[in-house]
Amino acid sequence: MAIATVQAAAGRSRPSAPSDDKRWRQVDVRMRRLGYRPDGLIEALHTAQEAFGYLDDEALTYVGESMGVAPSKAYGVATFYSHFMLKPQGEHTCVVCAGTACYINGAAGLLGAIEGKLGVEPGETTPDNKISVLKARCFGCCSMAPVVMVDGEVHGTITPPELVTLLEDL
Amino acid sequence: MSEIIIEPVTRIEGHAKIAVSVGPDGAVTDARFSVTQVRGFERITVGRPMHEMPSFMARICGICPTSHLLASAKACDEILGVTVPRAARHLRRVMNLAQIVQSHALNFFHLSSPDLLLGFDSDPATRNIAGVAARAPELARDGIALRKFGQQIIETLGGKRVHPAWVVPGGVSTPLSTEQRDNILGAIPDAHARAVRTLEWYKENLASWAEEAAHFGSFPSLYMGLVHHRTGNAAYSDGHLRMVDAEGHRLLDDVDPRPYWDYLGEAVEPYSYLKSPFYKPLGYPAGLYRVGPLARLNVVDKLGSPVADAELAEFRLRLGRFPHGSFHYHWARLIEILHCIDTIGQILSGPDILDQDVRAHAAVNNLEGVGVSEAPRGTLFHHYRVDKDGIIQWVNLVIATGHNNLAMNRSVLQVAQRYIKGDEVREGALNRVEAVIRAYDPCLSCSTHALGQMPLVLEIFAPDGELVRRVTRSPA
Amino acid sequence: MTAVGTPAATPPPRRRQAGPLIPEGPVRASAHICQAAGCQSMGSDRLLEVLSDEVLGAGLRDVAVGRVGCLGLCSAGPLVAVPEQGRVFERVRPDDGASRQDLLSSLSGEAKGGRPLAGDSFFSPQVKVVLERSGTVDPERVDDYVASGGYTALAKAVSEMAPEEVVAEVVKSGLRGRGGAGYPTGLKWRTVAIQDSHAGKYVVCNADEGDPGAFMDRSVLESCPHQVLEGMAIAGYAVGASQGYVYVRAEYPLAVKRLSHAIREAGREGFLGREVAGTRFGFEVEVRIGAGAFVCGEETALIASVQGGRGTPRPRPPYPAASGLWGCPTLINNVETFANIPAVVAKGGEWLASMGTERSKGTKVFALAGAVANTGLIEVPMGVTLREIVFGIGGGLAPGRRFKAVQTGGPAGGCIPEDLLDMPVDYESLTQAGSMMGSGGMIVMDDTSCMVDVAKFFMDFCREESCGKCAPCRVGTQEMWRFLDRMTRGAGTRRDLEQLESLADMVRSTSLCGLGQGAPNSVFSTLRYFRDEYLAHIDDRVCPAGVCAMNAGGRSEAVPAGVGVAGVGSPK
Amino acid sequence: MSKARLATMWLDGCSGCHMSFLDMDELLLEVLGKADIVYGAFVDAKEFPEGVDVTLVEGAVGSSEDLRKLKMARERSRVLVAFGDCAVTGNVPSLRNPIGPKAVLESVYLEKPAVNPQIPSQLVPELLEEDLPIHAWVPVDLYLTGCPPSAARIYDCVKRLLDGEPPEAVSEAVAFKFG
Amino acid sequence: MSEVRTLQIDGKDVAARSDQTILSAAQDNEIGIPTLCHLEGLSDVGACRLCVVEVEGTPKLLPSCTTRVEEGMKITTTSERLVAYRRKMIEMFFVERNHICAVCVANNHCELQDLATRLGVDHFDLPLMHPKLPVDATHERFAIDHNRCILCTRCVRVCDEVEQAHTWDVAGRGAESLIVSDLGTPWGSSTTCTSCGKCVQVCPTGALFEKGRSVAEPKARRPYLPYLVRVAEREQ
């Protein structure tokens, strides 16, 4: 195993969880299995985001410190990857696929319909915190383009009016 | 019914137009002076560190950057809560005076002297500094030399003629060397002689401009300027505020200029990017006042240098104690040139001018600061608010030219009413409408700290407000 | 533990799991329901339950209902294959009983409905190496994989071959990297193998399939994860690594789930772990989940990401083969490359080399999408023509539509026009045509696609995915996008076009990594074949395909040129 | 030999470059000996004349009025010089771009204490969405950088152009630096 | 241990140690290759791309700061193509943010400005982007103005490699990249910053500066960085 990183992990005092929220246990377990090594940072952040839905300063600080990573590095990593959310997400999520097939089959129209209906662009959440809109690179469902995923369920060959109806029913 | 447009107003420092409304009987009913540029310094500097402000603000105007450097640095001094070292205070004064010399020279020789020397009705194709150089090479050379005198001092002190970065919060960035001082002092006699010679020429020819002198914005008004709190002499960098009325009653005297909002209000008109300040107690627009050379000569007891004071005495003797004609800005300007040259000599001969301690350092100690100084064309106010880290949060600027906005509007109307009859407009008449603006030496770069430019447009409106005609003078 | 070497000797035990229905006795017919993400999104997971119930309800005691990987024809999902009948049933919906009538009759023994596999224009031209087991084995059952001959190659390699022999076999196969660039796999293996490293070596499987419109790797991982693990373990043995990582995108949860499950199974069965197949060779595999950054497909960025950092690339050399993970020699291959390995070892390098063209050996998996009738996952021998793919396997375009281009190679690839349709599909030909093999996305475009808009789409992708480390890519992709955007708004000028081309050249030549170097390709290739479309946007302010709004048209005066260098002294 | 025709134009800038032009001092008279200044802040021409040899344009393009004037200057000039950093890069005036003209106007005219707070709309030209360097709108032959360019560089540049040197040769011969 | 390599740079035969980079070998022979992200004493990242050179037999341009010399290399550091590319790179740094030299603390003391002059960049053909970016002046002694940052990451590296505080890192990606302290939180509230000022020292532009510095005021460039690097190396 990587010698340098193991050294870095040794002899460091680890912080205690920010609160007695049980979800920290999940994160702790994952970090322990990763050996508190800095190279496990992304995995640990994945777990923290799964547990809390997003990564706030507290989570970033705790995970970063536990994994032996400076706060700026934890922040740099969390903001580099589009999968990590630094703000709480809405009750529902609507992910529009922006892959090539979806694009040439009218994904732009779907995004337009969402903006028209909800007034938010990809990456934003409606002010009432109900729906977060996201853009995905490709779900790999190109054969059903254009595709959206609403609360984890994929809807293929969807038209803008159909999407609006779908969002209205949430 | 017609409309006359003069566009652009030429031989002025900026972008503006003039719209003149002519009634059915051919008489001028209204005239408006419109500044057409805005850059938004009051907004674009928000978020910048305060230490950049003097240099930033210098970019308001390339004609009098030093005035802005000074007012801005003074506002910052107040935010830092420091006492500027004595030598730095004097050096800043020298730069400001040099600035006044070069700017006044620019206005008088390069921009106004073509009208004075060649005549208001002369051929517009040659009615410029080249024409002056051809007719009276000596006059043109004096102009160039006097402007150079001022610019060279600025360059000597700040390393650069336009936009030197030398004036900084807390003082200046480098002290003066003996050699630099001696160079400047060595240039003074020549500059003095040229200023005197020009004054003589002006006084000899005064009678030939009697018609214009009588009608170029000649009306009683208030005057404002900075004076020394003890002596009542002119004080361009660190004075107290004095406001006198047309009869010389002091409406304000020996007051701290910084809380300007106690005395001055600002109004916005729909036709100009330049705001109109007014004297608050008299309200808008009755609170019209004038600033700049004529106003300063009217408010001060004396200037403070002997030769210039003798000239001032003659000025007052010939025109009265409170001359109200804006044409006399020209004469006042020449007297100020002389005064500034001599005062530079006085200051540089002082004992502590070569002190090495020229800058005070401090962190932010006040969240607000106002800096006031006399720019060539009038009193200049910079007002900043910062956060505790020294980042600019809010800026208000009351600019020299702005104070004269109401007066310029009134002057334009007066001249238009006298020289424009119907829609048959002579070129010379239009030139006079512009010339009255030139007399004020408006720096429209400054006045357009907010936005703009200055083509002179004469627009003639029907009584119902419909634009009837727009006159733009054709090129020569 | 299953005896290695005789995997097919005993039939796999039949038992009732949560999903699949496995009869106690002999099986007469089986329904293989595709459980890859595409069909699942059409409800194939529910179909598994519904169909099982129906089969039980109909008293068909000798019928199995099983879970398999991708059947390929994704546009017609959910798909169910009945191998005994050689038929595939399309659009078998869980909530539409009528759609299952033919299938149920088929399972009952009547050959009725469905699509016969033999002679089918979509299925029969395909040659399956990578997808050999896709659609036939249960991706969640190692036993299925073993029963189909899986892990025999690994066993053979570790027990019968020296590492150099394995490498030699891979060299012989002529296999080239399937991730995009086409670097000879054997050469890469050899480079890693000959490195001296006290700190160890690593094998990394790049499953960060980021190209929009590409889902080959996902399908492979979802359909047959063991095949990839087997390839990795063989690689580990060949190059002298004992640790492997699979770097998978977070967007592929099902692939991650099946892969993790497969790693556990393989560990349990002794195909991974301290003593692989009972030998002294040890090999462990960990999954690392990406977090949404296309650039991590670049190998040095991927390394940075596996090490828990920002996925920014670094200049090469040194190449990962010499200095990769934690500075150790690291072999990085993509999913499809590894999936080829078991067959190469089992059947010999020459077997693979017998397929394909002179310099491109074997097969290639493509994700066929866009304006063709049959879209989905296909595997064809290298060297077939684009025409065969588009008009044969793909079934051609919709009636009334005219073919315009086929886009291959993802964002760094290009668009190939109609007159090159008879070009063979191999690394060199595609590169020569101004595109690239890439990972295998293939999108067919008809006359309703605007090529300027397509270039803008890919540039938008690149600018959003640029890591920001080097200026040419960070700024260049933004600026190229702005030029393209202006053109699609009807505000572009000839000068913009000149600028765009010179900028594209600069970005290609000076960017740090493949993302930036490849980003201008969408511009180059569309300009090469569709310059007239650009000129129509610029000169006539018209979008021939009718895609661009061109709303700045007619008031172009209000749009700054953004650029402009005069001809000397020219008054315009 | 007839004198060359020189023009200056002042758009959205501070006039500092024009001041630096005057800072040529006595050399100014030499320039005036070579060329007539046919348009600019120092002369009375109201309309940009035809057939200008060299035009120095100071300032960025901030308003519709600036743009109209610039286009006229380009059409009627043989050599157009971007005169100073504002014309070359947008410089200080371009700092309004991240903010936008609307917010700037509101801040200056509505959010400060004033009588009749309003955004001026009569006689004054409309501000363009972005304050841009002049080559964003018209072709430029020579870029003379500096805030302002020094008088020496202006002299060097103008003299060479008036002597008939092609702009690209002048561009290589004259030193430059931003700021 | 390193061995001697002989190679050609711009037609000149030079000798270099095998562990030297092309850049360092060129510098030893007084051949100036422009760079912005490289700084003696810090690791090299090859990010600014200004130092790319042509190496005979290699189709790609190689960053000279990270490419080691090899026996027999024939290197061209300046060609028409390289100069054109470098100019475009300089333009890119200018247009992506708000670099207003006239009112910058680093005016006359800026590596970017100097390179523009040196490479003959007298205007920008690329459209300006004019992003809206913050200034963080919350630190007692220093401030960072992102408008002037070129993302060379010298600050990040000096803080991590020499001061070992790792206060700085890069957040976001692509055009959204931003140098951040700690959790993107104000510099003044940083729990890791030692206020050593090294980041300010190494900044090639006016992005990091001492508070109280006015426009165009020279910053004291102390040659203490190499010394600190040596100290840090000894301690390890």
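Per-chain numbering from 1; labels A, B, C, D and E assigned in written order.
FYI, contacts are C-beta pairs under 8 Å (C-beta built on N, C-alpha and C of every residue); 3 or more make two chains touch, one makes a residue touch a chain.
Bear in mind the structure is a predicted one, so any value in this text is a computation, not a measurement.
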item	value
Third chains touching both subunit B and subunit A	E
Highest C-beta pair count, chain pair	B-D
Chain whose Cα mean lies nearest the overall Cα mean	E
Gap in Å, rounded to a whole number, between the CA centres of subunit E and subunit C	38
Length of the line joining the C-alpha centres of subunit A and subunit C, rounded to whole Å	23
Whole-Å gap between the CA centroids of subunit D and subunit E	34
Where subunit C touches two or more other chains, by residue	293, 310, 467, 560, 562-565
Overlap residues in subunit A, where contacts from two or more other chains coincide	73, 76, 80
Residue numbers of subunit B (touch at least two other chains)	56, 59, 163
Residues of subunit E touching subunit C in the complex	45-49, 52, 60-63, 66-68, 81, 84-85, 88-89, 92-93, 95-96, 125-127, 129, 150-151, 169-170, 172-177
Subunit E-facing residues of subunit D, complex	82, 85, 88-92, 94-95, 97-99, 130, 132-133, 135-136, 140, 143, 145, 147, 171-172, 175-179
Subunit D-facing residues of subunit E, complex	94, 98, 100-104, 107-108, 113, 116-117, 120, 122-125, 127-128, 130-133, 216
Residue ranges of subunit B touching subunit D (in the complex, touch as defined)	6-8, 10-15, 17, 19, 32, 34-40, 42-44, 46, 56, 59-63, 65, 106, 110-111, 114, 124-125, 127-130, 133, 140-141, 144-145, 147-148, 151, 160-163, 261, 265-273, 275, 278, 284, 396, 431, 445, 450-453, 455-457, 459, 472-476
List of subunit A residues in touch with subunit E within their complex	57, 60-61, 70-76, 79-80
